[in-house]
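Note that the chains are named A, B and C in the order they appear, and that numbering of residues resets to 1 at the start of each chain.
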Amino acid sequence: MAKKMLEVNGLTTKYVTRFREDVYAVDHVSLSIEEGKSLGIAGESGCGKSTLALSLMGYYFAPLHYMSGDIIVDGKNISGLDPDVVRKTVLGSDVAYIPQAAMNALNPTRRIITFIEDVIRAHDPKANKKDIREMAEKRFEEVHLPKDALDKYAVELSGGMKQRVVIAISTILSPKVLIADEPSSALDVTSQKVVIKMLRDMMEKGFIRSMIFITHELPLLYNVTDDIMVMYAGQIVERGSASEMVFDPVHPYSRGLMHSILVPEDGTRDNKLTAIPGTPPNLKKPPQGCRFAERCKYAQPSCRYNAMPLVEFAPGRAYRCSFSVEQLKEVYKSED
Amino acid sequence: MKNTLRQVFHSSKFVAGFIIFVGILLLITFYPLFHPGNPLDMIGVGTFAEPGTYVSLYDSVGTDTETLKLPDAADKRLDAVLGKEDRIKMVAWLSAMEVDIEGLDYMDTEALMDLWRANYDDSARPNGMTKAERNYYKRLNESLSSMGAGGQMKVFENDAAGEEQQIATITPEDYVNVKNVANTKTLVLGTDNFGRDVLKEMVSATRTSIMIGLIAGVVATAIGLLLGLLSGYMGGFVDDAIMFITNLFTVVPSFILLILISYSIGQEQRGASVVALVIGLTSWTWTCRSVRSQVISLRNRDHVNLSKLSGHSLARILLTDILPYIASYVVMAFILQVSSGILSEAQLSLLGLGPKTTEVPTLGLMMNWAMLYSAHLNGSWWAYFPVILMITLISFSLNLMNTGLDQVFNPTLR
Amino acid sequence: MKGYRKYFGKKIVWFLITLVVAVILNFLLPRLMPNDPVAAITGKMAQGVTDASASQRIYEKYQEEFGTNKPLVEQFFIFVKNLFHGDLGTSFSQYPRKVSEIIASSIAWTIALQFPAIIVGWLIGNILGALAAYIKKGFDKVLLPLSLFMSSIPAFGMAVILLVLFGVRLKIAPTAGGYNYDMIPNLSWPFVKSVIAHYQLPFWSIVLVSIGGQAVGMRSMSIYELNADYVKYARFLGIKDRTIVRYVFRNAMLPQITGLAMSIGTMVGGALVAERVFSYPGLGSTLFTAISGGDYPLISAATLIITLMVLTISFVLDIVYGFIDPRVKAAQFDS
């Protein structure tokens, strides 16, 4: 069996709002990834997937707070470490991050190479300038980025180029786990393909040893990751291999996600699902029972009171619903 | 709307500013009701009468007296009469006579008088003292001892025949009740260089200055809003032309334009409203720029496009689809314009280009008069400090409200 | 490099345009007004002259002197030609001194007083604003209202308060002038000392007034930058907080340079009035005496010089900004 790069057990984190209310955006999430594998996490905006991405870094600052659970990276538990130790030894080298908004992720008044120097020196204060440049140039070449981009400012790069530079910077220390939070959602289709190809390419070359890819477009993950997890209201509702999840989703929400048409609505960055009416529950006061019950068309009265655990029903496959897998498949079949 | 208002009034900064501003408004509305009269009346003949209550000496004489025996009355009297110079002279005499003045505080009337009474001798001839100086001390001593002894004063009046008739004798123990004196006047802030009641004048000046600020603010906001809306929404040539002018008047200092225009208008034509108008005409550029950038971010929104497709007129789109979204910015810009309008008037007045001086006082004019008559150098703080404080408070209250609004509409700033 | 050249080119053209417009406005505004300045001056000079033809002669003499009897366009070219020769006419209130001479004797005082004061105020204000944004909590709670209050005090008010406090009450600073009135300007030590002593109060009053507004602006700017995406990203790359604070400070500070360029006119306006309070021998006092003396040529020249000063400073600041902030270049590509 391959080595586990990342193992997360019962991770819970919360936001504290300005009015001192607690919002549990990540609620007892467990997952694991083996070396060389990738995991996709899908869900609507507000489902907690971006918060999960931040929580997995083991580095918390207000308004996000760590509550409980373990994050084990390559055998090392990082969840209880001192923030400064995490910053120096974990961030960038163990766990790296590609932000959602790559457009504004780079300091506009710093050249790319100077920024890379800052990144490397943050982990190794003695690193010298020449070595850093050599290393950066080599890496840029390997990922087919022009070397002269190093001496530019972020504002001088095009959108797609900026995104690729961000990926190159995030992975400059060859992280064990890369967490990519919707790295392609702001890009046009061609650039999206380039970015995804670049990430896979880097996986193959071993610059990234495992990856978590977060998106609101479940179908997109089919081409990108090995496994897929669907999140709803801070919890995992279903997980399985990419093909299983795309072609044979079990949970009503996953099925809704798979079949929904995304309609971008103007004025917001959020996308609403037309196939699943309603909105996710308010996590300041999460529902007592199944969190999806409010919007689920198959929901029974009991669903609202009985919270379901995540149940594994086949190797690598788990779901969270009071109906049995057979019952659900039966219903789906009758609908088609 | 209601919700926004509630949010605004939850901002402590806005509320603080609002309270100060409303307080000032209440003052300028109600004070004149209770103290009517022309604020430019020169009630004092001298300049810079100190704040305090003035009791008519003339009326006091005829008023019924009470006899009060107050133990410290004589000392207080001495205290009030003995000037700093006299005290220093007394110490000089004592030290010339080699009296031990170790540890004597010359402002301590009692100790000084004790030493003086014990040692003064008009026949003594201290070294190096001229006759004139000795005579000075003699007179000083006489007036000091008469005060202590409680001499009486006699008041005479010329009767119909031109004869002096004694009408009253005043002893040091006679007191009148201020309530019974026919004429008293409390000047909370004294008088200015023209002998005007500073408080009354300032209340009126504040009103005029706020009016100037409001007129200037309305004019500047109207021009800035109109040009900003057109420039931002229409784009193209209109935008280029408007922005050219706007940028031009942003860099050419508006203060200088203000000086040139005000001077050219001439003292006679320069009423308060003209000054306000000129200030408004030279300070719209900021509003125009910020409105434009807001409009640009709005003009491609769906609801605007929908309106465009529905064939609505330009005016309708601007008024119903754009203006409501930028209203908060316009209000904030207006508040700042009012504040800077008041400041501009004051600065203009200080350069001698304020509203013409015969009609109404403004805060700037009061400041200018105080400076012209050197109130700041002769210790008449009441002539300028309340004015500075008032300008500062108005401006502070407006700034607070503005910041409060800013934080409500841009939550990250909290 | 092309982006920069385009930027500078644009700025230089813009500078020249504003320069021309400023000169035109300075020439045109007083002449467009219904009041004939020459008539006003004649009225002043001919006070007590009862003979109509005599005052007519005075009027014509001044018309000649100002050239107001010629067509407007011709007047303008004469005005510009004289301007190039540094000839700004003759002062009325200080006849027969040349206006250029009066301006020359006061401009150095203004420059030496105002620009250091504004820059020091700008620096202190920015540092305080950044601290308020970064520390937040108690410091911010005190500093923001305090800055707002400070920025609400008019420049002349601050000048008067300092003057009364330190000059009149505590007597630790002189109350008027640029140097002791019984001295003749020279380069001796006592004179320099006197200049420095007289410099303090006007300097600090301008500094104090500038701090508040800058601090408020910098605070908002810093908060905006602290919430920017690049800060979060840099944190998750493990970059030290201290380095990130440097990023934020730099990025918030740079636009403040443009802010300074845009508000320098207003600040100079306030400082000119403060000069009057101290009878400081700069352009502000010159302007004040010119206005109270009805000295039309001097007013015109003083306003022109002040405009040129402000235009030049904002031009220089724009150029400096273009050099040190790469975002400008991007903005140039965008437009």
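To be clear about the criterion, a residue touches a chain if its C-beta (ideal position, glycine included) is under 8 Å from a C-beta of that chain, and two chains touch if they have at least 3 such contacts.
Since the model is a prediction, treat every value here as computed from it, not as a measurement.
When each chain is reduced to the average of its Cα atoms, A sits farthest from subunit B. Centrality by C-alpha centroid: the chain sitting nearest the overall protein C-alpha mean is C.
Counting C-beta pairs in contact, the chain pair with the highest total is B-C. Annotation: 54 Å between the Cα-based centres of subunit A and subunit C. Centre-to-centre separation between subunit B and subunit C, using Cα means, comes to 26 Å. For the pair subunit A and subunit B, the distance between mean C-alpha positions equals 63 Å. Of all residues in subunit B, only 13, 16, 247-248, 250-257, 259-261, 263-266, 269, 339-340, 343, 346-347, 350-353, 367, 371, 376-377, 379, 381, 384-385, 388, 391-393, 395-396, 399-400, 403, 406, 412-413 touch subunit C in the complex they form.
Residues of subunit A that touch subunit C in their complex: 54, 57, 59, 61, 87-88, 90-93, 96-97, 99, 101, 103-110, 118-119, 122-123, 153, 155-156, 166, 169-170.
Within the complex formed with subunit A, the subunit C residues making contact are 228-230, 232-240, 243, 247, 250-251, 254, 325-327, 329-330, 333.
Touching subunit B in their complex are the following residues of subunit C: 14, 17-18, 21-22, 25-26, 29-30, 32-35, 37, 40, 144-145, 148-149, 151-157, 160-161, 163-164, 168, 175, 216, 220, 223-224, 227, 262, 265-266, 268-270, 272-273, 276-277, 287-288, 291-292, 299-300, 303, 306-307, 310-311, 314.
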